[in-house]
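Structure, as structure tokens:
Should a chain be cited, it is by its letter among A, B, C and D, assigned in written order, with residues numbered from 1 in that chain.
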Amino acid sequence: MIRFECDYTEGAHPRIMEALMRTNMEQTKGYGEDEHCEHARELIREKCGSADADVHFLVGGTQTNMTVIAAALRPHQGVICAESGHINVHETGAVEATGHKVLALPSADGKITAVQIKALCEEHFQDDSFEHMVQPGMVYISNPTENGTLYNKKELQAISEACKAYGIPLFLDGARLGYGLMAEGNDITLQDLAQYCDVFYIGGTKVGALFGEAVVITNNALKKDFRYYIKQKGGMLAKGRLLGIQFEELFRDDLYMEISAHADRLAMKIKKAFEEKHIPFAYDSVTNQQFPILTYEMAMTLAKKYSFSMNEAELKKGPAKVRFCTSWATKEENVEELVSDIQKL
Amino acid sequence: MIRFECDYTEGAHPRIMEALMRTNMEQTKGYGEDEHCEHARELIREKCGSADADVHFLVGGTQTNMTVIAAALRPHQGVICAESGHINVHETGAVEATGHKVLALPSADGKITAVQIKALCEEHFQDDSFEHMVQPGMVYISNPTENGTLYNKKELQAISEACKAYGIPLFLDGARLGYGLMAEGNDITLQDLAQYCDVFYIGGTKVGALFGEAVVITNNALKKDFRYYIKQKGGMLAKGRLLGIQFEELFRDDLYMEISAHADRLAMKIKKAFEEKHIPFAYDSVTNQQFPILTYEMAMTLAKKYSFSMNEAELKKGPAKVRFCTSWATKEENVEELVSDIQKL
Amino acid sequence: MIRFECDYTEGAHPRIMEALMRTNMEQTKGYGEDEHCEHARELIREKCGSADADVHFLVGGTQTNMTVIAAALRPHQGVICAESGHINVHETGAVEATGHKVLALPSADGKITAVQIKALCEEHFQDDSFEHMVQPGMVYISNPTENGTLYNKKELQAISEACKAYGIPLFLDGARLGYGLMAEGNDITLQDLAQYCDVFYIGGTKVGALFGEAVVITNNALKKDFRYYIKQKGGMLAKGRLLGIQFEELFRDDLYMEISAHADRLAMKIKKAFEEKHIPFAYDSVTNQQFPILTYEMAMTLAKKYSFSMNEAELKKGPAKVRFCTSWATKEENVEELVSDIQKL
Amino acid sequence: MIRFECDYTEGAHPRIMEALMRTNMEQTKGYGEDEHCEHARELIREKCGSADADVHFLVGGTQTNMTVIAAALRPHQGVICAESGHINVHETGAVEATGHKVLALPSADGKITAVQIKALCEEHFQDDSFEHMVQPGMVYISNPTENGTLYNKKELQAISEACKAYGIPLFLDGARLGYGLMAEGNDITLQDLAQYCDVFYIGGTKVGALFGEAVVITNNALKKDFRYYIKQKGGMLAKGRLLGIQFEELFRDDLYMEISAHADRLAMKIKKAFEEKHIPFAYDSVTNQQFPILTYEMAMTLAKKYSFSMNEAELKKGPAKVRFCTSWATKEENVEELVSDIQKL
């Protein structure tokens, strides 16, 4: 079985494993106060062009999302996001478990717009009994989205301005950030993110690391006491240096970008193969996740050799989207085999 | 200004005020453990035909909803409701503040269906990664709904069966229950509610009392330790007998039903007046809330003499729904005056 | 049975009942935005000598405590209080249910000191791993305390200064405030409270009202969005004017003070009776709660005619404290009868 | 600087690093549903003599504690623990952040007793107004305790019986379990834990792993839906196999026990060195943490070469406890050097 079901089927990039081996018997302080973490923070600040940013390392995405959101919101506030947003759908209500409503906006492709955000805020504050409703307190977007789509710089700017107009911070979930940064046509850089977001994170788990997400906070108001939140939400790794060592390796040079580009390039090969068979897509993704709409027969044929995400019950009712993912670890030969099998469909 | 903006503009029915005066200097135990509460519980059990039901008195609706829901759910569970449900829209995220997601279903008129509930549950449990999503743990319906519409017995039965099929309790918010029970065409009784719901409440605040909601729990699993929840959520009134005395009065005879019928009858007069002017309605309400769709001019004309709920920004964009409420306290002469002014529109 | 078990065994002061009767059929806006509430706010601001204070009315004490505390704290913060504090012992963990730890300090009589507060804060911030511990974020004191004891102005000032030194707000629970203000030897006024506390409340439930607590917020940072919190925590009474009407009556003249003085005077009679029998007290209370230490026999003798708080299991083990309360409603003749029965012990 | 400040200063045991390298490019399912996790579960069930136990792998201790406790408690319940318990002191209120009070019991050495637990429960349920207090809902003990002390089998049995008598589950925090199991004089086995606890965890982070805690649930009521809780609390590692691979290695043979014994043996050398200098201890620890009471001068002398936990402010006031830890990674030669320096004090 060749696995394309997600982007976390393997361990870590070999350079990361070597770094972990090399440093294994070093003695360091715990909880992220070691020199590897400090060095990794420096590297990330530099790449983001933001010398003042606070950088924190957490273990996983759900943990990061709920920690950042709970730290930013007051009890009567909620977080705006696309109805398809990870925090709204696939985190078992982690945000609600911290006491906050997710204010979901309709979205066809995983993105939301500045216009939607402004409309929601305006509607809230002009209501006579606004105190009976959850106050919008943060905007959450993911980039790439859960559907593989990307914001462009103009859209990001507009959202940032909408947030500023209503005094609410913008949080960008970059669980798959590398695959977005290196996608064809992308015009957003790490520096842009540092400029337009109040807080965002650079995903490691899905982009070369064993695990780990690097939270970058540029808004001073959100920096205060952030380590308390990490600890309280269970995200403060005792051997914090494991996170520092991994991000040191990813950002010491262009490793993070190179392995992301690799995944995107292979994803485009798969995309092209489906396109050539005139198989439609649920979303026009330019990143490492592809969502072709397959018939039950097509899905079953491919499922003999490959694992990929699908909902069999849906497929039985008619053509339905499935998901193929590439990653930093995907082998060219496996993609070629898949392409060849797509051509035979 | 004659007020039709809501059903809580006056104090309490005179008989209730007299009862409170009469008993004022009695000395009783606190926290609902007095004889008035006990008597009121007996009366309600009797009317519900449910000798085993637990009956608790709380002060207000939001408090009641969050207490019942938080008591029933496990941390990973959410509550299914119509997207227009009070808990989803107008309680400042009180349910989320107890840690739970509201699983909102689309609804044109405020009602949801057994089919929707079953579909949501089925989709949840057949998903490969259901543990990444909030588990449906309770169904919340309001009757009358926030839009004045009513469930019929068949619909209620079907919802009850859907709930039982998935092992999740059914909770009915009866903040305006009287106005539903006495509405023309209604075929649901208090006994039906006791039979088909696991827990429901009989609203007093909007139906004759100064304040107060009577929670009726028929499901044994939900009875345990309920008084702890009331206390923790701030709903245990020190002078609990105030609630008992009020519900004693409402259910000592048919007062609750009579005053509800009064409000419904006056609401139908208002409805008819709008209908005769061929003014459409947002919802086909048979209860004490009416939602005609008015032009800005119509609304402004009526607003000179009457207060009613409206969104002026919406009205400026085009015809929009407004809300007129009657209640146990509405005066016939005020309704006649309003009817006459509607006729002049 | 003559009841001395608590200070909420009767309804409300007759003047309050009359005011509720008189205003019963008035039509007003809901949720505390009516003229009675506005007037009551004005009266309270005036008595507190604080024209800028925000005043909010809530129904009960637990509700008020959890709403104020949850509104003031950030998620990683806790509230300092005496280990005997109401929020720590008798609110079913309402504060913890909003996500916050109660940081309990030892206390012999229900009071805590500025020295204790400073020591706790200093210890926290000088700890190497302070981020692993709950940050002190508010100080809660009750006055009178749960044991009937009182702070003097010097103690209050010192606590206020300690709070300011660490940048944490001071919250005073005045559930029985009247009985403190009018106690012999008390040197604290409402104006002092407005000056030294960031937020405090004037208890109505136990001092003449049917129910109701008036929260006075003088710290600007705590004023923002407070009505959202009231709504979310279930404390926003639909017929908010019921609270306004009651506090109007209590503060229209000196009613609140007069009825409090009545209760204190009667409590001193009871105290003196026990003292004359050389019966010791658990706490030296100058307010309406008295805690004599009785033998099992004494307690059983008095229990034939009077209800009062006691722990029978404790009494069986040896002399134990019991509690007698007077209130605005206590009748002189009942106290005289009790005094006479104490003399016969 | 030679580090004795904690037991997580290095990475992982070399065999674990080799296993991670060896398996790095394997493709597996995510979220702990891979074969390594399944195998590790089997190994642990076997060592615990409990074929029916559910075994889950989480990343860290705070995360594990809050997940287990939040999963077990109802909203009105709290968790009993020693006042020195990790959840009460060093987890930034993580338990309270899930809505629950920690019911702290006094403890001189980190242990609590069956007698204390029974007294607390009895006092709760015999109180007239028990619904106003947090209900005891779980007992949390750590073994070894935070002070290095150990329960013996008789004590554990008695606590287990007390819990059963009141129907509340027993949870044992085994963050340093190996160091307890292998301590001189210990008479508790993994099988005993499976028998007497409802849920416990086997710590990996501090005992040879990079990170990871293995939760063993033997009480059927606690097994249901546990994976939802892990996900909601942010503890479900995407590459779950990393946990499986590590515990496979630790329990494939006696590695976990052997490396624990190593740490205990070295700790006893340090203990003996202090004893021979007649330096007293804060607790009589038989495990890998030692708490000698040093003068400021002694502490400063040792601090030139060694890092260890201390509170300098306390030491300046007089002799105070400090903490030296050994671990699976501690080098014999470093301990010998320390011993020699202790002898020179």
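Everything below uses one rule, namely that contacts are C-beta pairs under 8 Å (C-beta built on N, C-alpha and C of every residue); 3 or more make two chains touch, one makes a residue touch a chain.
Because the structure is a prediction, the values reported are computed rather than measured.
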Shortest contact path, chain B to chain D, counted in steps: 1
Chain at maximum distance from chain B, centres defined as averaged CA atoms: D
Pair joined by more contacting C-beta pairs (A-B or B-C): B-C
Inter-centroid spacing, chain C versus chain B (mean Cα positions, whole Å): 33
Chain A and chain C, separation of their C-alpha mean positions in angstrom: 49
Distance between the centres, which are taken as Cα means, of chain B and chain A, whole angstrom: 41
Residue numbers of chain D (touch at least two other chains): 75-76, 91-93, 97-99, 129, 131-132, 228, 231-232, 236
Of all residues in chain C, those that touch chain A in their complex: 31, 70-71, 74-76, 98-99, 129, 131-132, 135, 225, 227-232, 236
Chain D to chain C touching residues, read off their complex: 75-76, 78, 89-93, 96-102, 126-129, 131-134, 311, 313
Footprint of chain A on chain D - complex, ascending: 1-3, 5-6, 8-12, 14, 17, 20-21, 23-30, 59-63, 66-67, 91-94, 97-98, 205-206, 210-211, 228, 231-239, 242, 329
